[in-house]
Amino acid sequence: MLKTPTIVLNVKTYMESTGENAFEIARLMEKIAEETKVSMAIAVQACDISRCVDAVSIPVYAQHIDPIKPGSNTGWTLPEAVKMAGAVGALVNHSEHRLILADIDTCLLRAKDLGLDTIVCTNNVAVSKAVATFSPSMIAVEPPELIGGDISVTTADPGIVRNTVQAVRRINNTVKILCGAGVKNGRDVAKAIELGADGVLLASGVIKAKNKEEVLRDLAAGVL
Amino acid sequence: MLKTPTIVLNVKTYMESTGENAFEIARLMEKIAEETKVSMAIAVQACDISRCVDAVSIPVYAQHIDPIKPGSNTGWTLPEAVKMAGAVGALVNHSEHRLILADIDTCLLRAKDLGLDTIVCTNNVAVSKAVATFSPSMIAVEPPELIGGDISVTTADPGIVRNTVQAVRRINNTVKILCGAGVKNGRDVAKAIELGADGVLLASGVIKAKNKEEVLRDLAAGVL
Amino acid sequence: MLKTPTIVLNVKTYMESTGENAFEIARLMEKIAEETKVSMAIAVQACDISRCVDAVSIPVYAQHIDPIKPGSNTGWTLPEAVKMAGAVGALVNHSEHRLILADIDTCLLRAKDLGLDTIVCTNNVAVSKAVATFSPSMIAVEPPELIGGDISVTTADPGIVRNTVQAVRRINNTVKILCGAGVKNGRDVAKAIELGADGVLLASGVIKAKNKEEVLRDLAAGVL
Amino acid sequence: MLKTPTIVLNVKTYMESTGENAFEIARLMEKIAEETKVSMAIAVQACDISRCVDAVSIPVYAQHIDPIKPGSNTGWTLPEAVKMAGAVGALVNHSEHRLILADIDTCLLRAKDLGLDTIVCTNNVAVSKAVATFSPSMIAVEPPELIGGDISVTTADPGIVRNTVQAVRRINNTVKILCGAGVKNGRDVAKAIELGADGVLLASGVIKAKNKEEVLRDLAAGVL
């Protein structure tokens, strides 16, 4: 389980974060995490998991797992394969990769069986509550309309963070809560924590930054 | 482009062919391919591509690519990532991972741009003809009802192989044609070639065999 | 809102229950419902809603609605269209038509806005709990492996019914609970009610019966 | 089979064309078709097929059919149901409702069996060629980026219309060809025919018009 508060970076499928570029970012995160003692994790493409695990000691997550058991599932992401490649967990139900409700249940059961951590992405308070009943490791609430945008969810809609924290804790107070969408700097991180969240999930704020190290250091400062 | 006639092994997501088990099978194939000079290739899970490429010199394929460009596509399989991990090509539209028609077109264009080989799976003669208009590297026709079964397509439905070969060649005679479903031994391979195919695509016939080396040697003998 | 206990018949897309055949079954249900005072409802194909509504006075449900607003959604099922055709509600997330989690939330909000009743189908206790947080009108729990089979869920797995009732009531005691899968006769209905359910959802038990009237009368007797 | 040249109106799921509003538009089309002798057809939501068929004598199409046979397919669109409701055909693979390649093949076979006309939508010349190998009744090419826009495909990209006509005719000269996307007036229709198309498929150009009758008359004038 990730130490919290934490900063989870989803590198998506940008060219700036595919293959060697992803490992470079992971190394930067590892260095800053060591220096600042702030908990950081990276979620990379399935193709990049094993090499990223070889390159760094920070926790590496898959960006997705499929609700399958070993067998005939050509081209799908087997939780066992993710685990064997060295990932410690997986994002589940990201807004760019939504799952059928029963399949979220199956993914979480499969992950639990294998000792994989799960960060389930949600779009609002109601869906966060529904997911909380499944007891994932973490829930990451991200209003889809703010993802990839210029204004952080913590500024644009602080209520969704506060209300998700409150509603999820009432159903299951062992679930950690992240927030995401538009998160870009230390102020956004500090605000997320102030609103009760256990950290942030972000992507373009780092990947598209000219100076990734500077942005990562600023994000870490928001935790401190 | 794969030398033909060829034997392409899709290891799917069986436990017997995930992680280290997949690399073991790949090494076996490499040994037999070198000894017999029969062309062999392996299609592994995205998580296993880079380590498999490190382990062997036979061509490694992805089992799937998504119809996407670099960007915000969390958890999907970016053709560039597959290429950077070291794969030479990808299965497209496998019966366990069908694609929307327009997305097959996009996948093939993306693969062509990146210099990736494509093996497009089809279920019958009509669909094979439609795919032939796109000029993939190869078409692999596999009647879904025979996949994973005990009787080889070359025995159960030789007509589908012969008619696919004929129909595809008429539309585009640069496209290579594989057949699959139930293929298990050298006789099936020899029959496939006799029917005009350029090789076979198979999975459980090898993966579920007690003695994988024996089966692979027998398959190779079918080419000779 | 349906009066409970109730018997809801999903006619699916069988030939025996398409077009005029569906209206025939609806008329039979109407007659028996009137005679026995047992609450009965029918869920028909989108194409058949308006004519079925014209034919009978029992409540007519859609088998599905899509999570959409009026606009550019060619070929999808608009909740408004279902309502205007005369349906009083809709099945949502049937095991043959599963939805993405966030889309269940959207469907339920859309239905509530339009005054449509919702019967959300679930596959187990955990998923039923998650759905209960959304406050649908009803939840219908149906273990997929028993659907269309010979043994009623009330016999094969009474625990799933009892535990769903208990778990859902704890989260939201206004939600009514149906059970389904293999339900065929009055004994199954009586058992469902004894286990705490508010009725049953069934399909082939009636549609595939030689004497539909006899089966419907027997089901009604199970309520009495 | 539709008489060509023809104007096919897809009413989508706009409020302006749901339920009674759809029948109103259909009556308008019927009146103008009778007066001008221009061939016109309307594609309505599944819920609205039977009432629309009762209301008018112009051909009524479904907006979609699913690749299914009668059976357990809750909430999907059975070709038989569409036929029994009175539709003469269906749009297949609309850009808002894309299908898996093998499912297009199945839909077309099912439609042929039932005597239903098919208008298969495509996004470019390559996909149109692939579809032509299946021999549908009609192909409607619509560049997705122009759909719902202000500039007609016939102005923005006349080459796609001309090249689709040419490529499809070469593969199968019995297939009729429509074009769509941004089509709004008689000039667009005339240009489509001049480019070799057999008519147009349009939606918002009529549905969102203040004066639908005026627009429909202008479109008809483009054929004359």
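Letters are used for the chains, namely A, B, C and D, taken in the order the chains are written, and counting of residues starts over at 1 for each.
Note that in this section a residue touches a chain if its C-beta (ideal position, glycine included) is under 8 Å from a C-beta of that chain, and two chains touch if they have at least 3 such contacts.
The structure presented is a predicted model; accordingly, all values stated were derived computationally and were not measured.
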{"item": "Partner chains that chain C and chain D have in common", "value": "none"}
{"item": "Farthest chain relative to chain D (centres taken as mean CA coordinates)", "value": "A"}
{"item": "Contact-richer chain pair [A-B vs A-C]", "value": "A-B"}
{"item": "Distance between chain centroids, defined by C-alpha means - chain A, chain D (Å)", "value": "44"}
{"item": "Inter-centroid spacing, chain C versus chain A (mean Cα positions, whole Å)", "value": "37"}
{"item": "Whole-Å gap between the CA centroids of chain A and chain B", "value": "34"}
{"item": "Chain C residues counted as touching two or more neighbouring chains", "value": "none"}
{"item": "In contact (per the touch rule at the top): chain pairs", "value": "A-B, A-C, B-D, C-D"}
{"item": "List of chain C residues in touch with chain A within their complex", "value": "93, 98-105, 122-124, 126-127, 129-131, 133-134, 171"}
{"item": "Residues of chain D defined as touching chain C within the complex", "value": "10, 12-15, 18-20, 43, 45-51, 62-64, 68, 70-78, 80-82, 84-85, 91, 94-97, 147-148, 203-204"}
